[in-house]
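Once you scroll down, you'll see the structures, which are given as structure tokens.
What follows is a pair of complexes built around subunit A, which joins subunit B in one and subunit C in the other.
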Partner chain A sequence: MQGFKQELNFLTHVWKLNFLSAMEYRVNFIIQIVMMILNNALYFIFWIIFFETFTAVNGWDLSNMLLLFSIVTTGAGIAFIFFGNATRLSSLIEDGQMDYYITLPKNPLFYSISSRTSISAVGDVIFGVFIFFFLIEFNAHKLILWVICSILVAAILTAYVSILGTMAFWTGRAQVLSEQGINAIMTFAMYPSSIFNGYTRLILFTVIPAGFISEVPVSLLNEPNLISLSILCVFTVIICSFSYWLFGRGLKNYESGNLLNINM
Partner chain B sequence: MNIIVRDLKKHYKVKKREVGLKKIKQLLKPEYSTIDAVKGIDLQINEGEMVGFIGPNGAGKSTTIKMLTGILAPSSGDIFVGGLNPAKDRKKLSYNIGTVFGQKSQLWFHLPPIDTFKLFSKIYEVDNFEFKKQLSLLVDILQLEPFMHKPARQLSLGQRMKCEIAASLLHNPKLIFLDEPTIGLDVVAKRQIRTALTEMNKRENTTVILTSHDAGDIEAICERVVIINEGSLILDNPIKSLSGYLQNNKLLKFKTAHDISKLKMTAGIEIVSIENETVNLKVPDNNDFLSKIIVNLINDYEIEDISITEPSLEEVIHSIYTEKSLRGSV
Partner chain C sequence: MIIKTIDKYSMVMGVSIKNTLVYSKEILYRTSFMILLLFIFIQLWTSAYGDEASIAGYTLSQTIWYLVVTETILLSKIAMGNQISGEVISGSLAYTLGKPYHYMVYNFFSGLGDSFIRLFINFIVGSVLVFIIIGPISFKVSTIVPIMLVVLLALILDYLIIGMIALMAFFMEDVSSLFFIYSKMLFILGGLLIPIDFFPGWLQNIATTLPFNLILFAPASLFVNFSISAFLNILYQQLFWILIFSLILETIYRIGQKKLTSNGG
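Right, the complex of A and B next:
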């Protein structure tokens, strides 16, 4: 318990520094947040126009899209506010910047992925929270489930992005794989999952686990049930444990490097 | 904190580079070759020692240090740092060691160094009282006060490096590794860093392992020198004995506007360098011999300036690298 408290105390300090660092450039900070809110809003307008014409796609209507957007954007926002460096994990490994994290008495994976905050992710959270509180009818149960789902989505996304970055231990270079992998999961997650079937669904519940951050939480919020919640929790534990284990294995293959580096 | 290294090896697998059509074959079925970065090093360093690791670029110094700190896993061999295996007991070990890599910054670029120092106190779980005491000592020795509240991005290289060293010493490590800490620094900053390290060694008996291309650093800080070349340890001696490798020689330096290409070379004399009008000769340390050479030079050329000096540590090291040491094999 004492160890967990110290770890949390340390991570809180890191997150505070991330924000202080980002706030050094206030105008840039505000622009990035506003642009992300606009970006999400424009994307969502497309779906409003779409559902005005078609009403529903295989049972999915605008209310499902609202739930989907509120969970995915909030979850992604939480993931990249607290673990914004996960998207750069591959570069850290490729350029030998993991040296710094390895020589400190902290878990190199947690510290490296938490040592940067994505400012635009703040815009994601604001957008997701706005949709849930102002465009969705909710009660206390739904609110609690929404919070739980958003946190689980954040954990799944962080673990998934970390797994992609960790591949650099073996491939030497995995930045493109990371970028494409993130694009793939976000793209698949932001579409009505009812349009996918067959092998695509298999992929969306295995290699690119978009189904676990979109379809499962949305169905859970629509019809709360213990089975869906358990599935989501179990998958989160599995992917997080796998990510942690894979990083530990990869660290044994780490080759370091001599590129100049700085902590941004 | 002592270090014991036995038959330490590190090799890397690298893809073979091919040309022409073989490149396609290489894509489908890559072939690898092995590079031996460290080829069996044995070493023992006692607690409180200050040891300089030197060697040309790519000699294997940094790789060795990275294995000692747990950054790289050795291919084979044993390492015990304070009784711990760095690859297996990384976390335990890291509470007791500090690292400074001249090419890599630990400071948060957009924030003042004091924020990084506070973060480090959390990382190493240093008690608040101890942190303040140690910080005040380091601020004093390294004279950090004028700039420790300025964002790191606005600091000069010397200021930044002093802060890097302070960050690494904040938890009062028993052992500190420094890889090129004075690279690109001015003489004042170098001197302050050297003073800080010797001071910490005196006060806390901190073991210091330093790699540097600056012989001045080694001379000022280290009591012992380990020379690594092509992945092997070629010399491990007290620094005082190092100059003995060339003690049978002196450096004769003279300046002349004449063409010295036809300089009469007597046995035992060796041209070290010729730059502009200045010539450096390595000559045997024998009074009669030296007198004769000087007389000959004065007769043959119009000498503007002449001096005889002991070879510097840099020259000794150069001589050892190039295996021109006059005293047998190294």
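Right, the complex of A and C next:
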């Protein structure tokens, strides 16, 4: 317990430093956030046009898309604000830059993936929060569930992206795999899951777990029930534990680089 | 004189084609996102159409083949914007001024070679996927030349807009936000994912008045539903906007050249 507190305390300092360093270039900070909000908003216009013509697709309508966008953008935003370096994990391993993280007496996985904040992710959170509070009808129960779901989605995404990056311990080069995997999960997650069936659904609940960050939370918010919530919690624990275990295994294969670098 | 000029720029295009072919694996890697998107949209449109034979004048097959063309053009556009704005900002544009070519024309042909290879590969990859899942689209061989002409003019039009934005770097420190806004204009008003005919009336009017639809929507809609009158209409509009934007681009370039300062070192 003491170790966990120390780790959390350390990560809080890392996050604070990340934030201060991002704020150093204030105009750039604001531009990136505004761009991401605009990007998400314009993407949502596509769905407004789409549902103007089709009303519903296999039971999914615009209200479901609002829920989907509010959860996925908030979850992804939280993930990459706190663990923005997870997307670069494979490069760190490939280039032998993990040396910096493993020489300190801190958990190398948490330290490495938390040492960068994605500024545009702040825009994602603002967009998701705006949609939930201003475009969706909610009560206290729904609000609590939405917060829980967003945090679970953030945990699943962080674990999934870390797993992709960790592959570099064995494959050497995993940057392409990592990019493709992130593209795949985010793209599949932003469309109504009801359009997929058969093997595609199987993939979306296993290899590319987009179903757990889109369909399950949306159905949970539409019809709150303990079973769906339990499934989501259990899956989050499984994927996070697997990611942690896999990184530990991979670290044993790590070959240090002779690259001298300073972590600013 | 004219033959020499054509020779000069064809050489530039030839070098660009050779360079692109060296990195053919990179092009294939980029097509993977197109495959993913097409796969998702095949599922989406199939569910949305249900038993409907036609919506807004498009059959299911036409809507999906439309997306193949818009995605192909989007992923094969002449990608010189960042290079031009970078050279303006760094001042390295000054080194090219003494060379025997027009800077913007040189960059156009340099990007066009790469663009042709990408067009070919992206279209083949997208078509194979859609052919397997959805089936063929009725298509006349005689329409190939007019459609290719419209696609070429779409690439020129896009290059002129990108060029104008890139040259704004003479007056602004960072033009990335302008590139971003333009890409989003193409996404919505260009009809990237959904044909403009599906839009509500008021938005359709805005989209068809602005030139963005001539880059993605016009070539794609012509491909899935060819008619001579539609072809001529698109051709006139594209030529009109190309003329307007060429004049603006040349004006910005000349004003920018006068502002250019270069330091030795």
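Criterion: the second predicted complex is superposed on the first by the 259 of 264 C-alpha atoms of A that agree within 3 Å, B and C clash if a C-alpha of one lies under 4 Å from a C-alpha of the other, contacts with A are read in each partner's own complex, and residues count from 1 in each chain.
Criterion: contacts are C-beta pairs under 8 Å (C-beta built on N, C-alpha and C of every residue); 3 or more make two chains touch, one makes a residue touch a chain.
Predicted, not measured: the structure shown is a model, and the values here were computed from it.
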Fit-or-clash call for subunit B and subunit C when the two complexes are aligned on subunit A: fit
Which superposed partner A:I203 touches (first subunit B, second subunit C, both, neither): neither
First, second, both or neither for A:L62, with subunit B first and subunit C second: neither
Subunit B versus subunit C as contact partner of A:I136, first or second or both or neither: neither
Which superposed partner A:I148 touches (first subunit B, second subunit C, both, neither): neither
Partner chain(s) touched by A:L229 [first = subunit B, second = subunit C, both, neither]: neither
Contacts of A:K252 with subunit B and subunit C, given as first, second, both or neither: first
Which of subunit B and subunit C A:L20 touches, first, second, both or neither: first
Partner chain in contact with A:Y191 - subunit B first, subunit C second, else both or neither: second
Shortest CA-CA distance between subunit B and subunit C [superposed frame, angstrom]: 15
In the complex, subunit A residues that touch subunit B: 6, 9-10, 13-14, 17, 20-21, 24-25, 96-100, 102-106, 252, 254-256, 258-264
Residue numbers on subunit C that touch subunit A, as the complex places them: 29, 32-33, 36-37, 40, 43-44, 46-48, 55-56, 177, 180, 184, 187-188, 193-194, 198-200, 203
Interface residues, subunit B side, partner subunit A - complex: 12, 62, 66, 69-73, 90-92, 94-95, 97, 99, 101, 103-111, 115-116, 118-119, 122-125, 151-152
Contact footprint of subunit C on subunit A as seen in their complex: 31, 35, 38-39, 42-43, 45-46, 49-50, 52-54, 57-58, 176, 180, 183-184, 187-188, 191-192, 194-196, 200
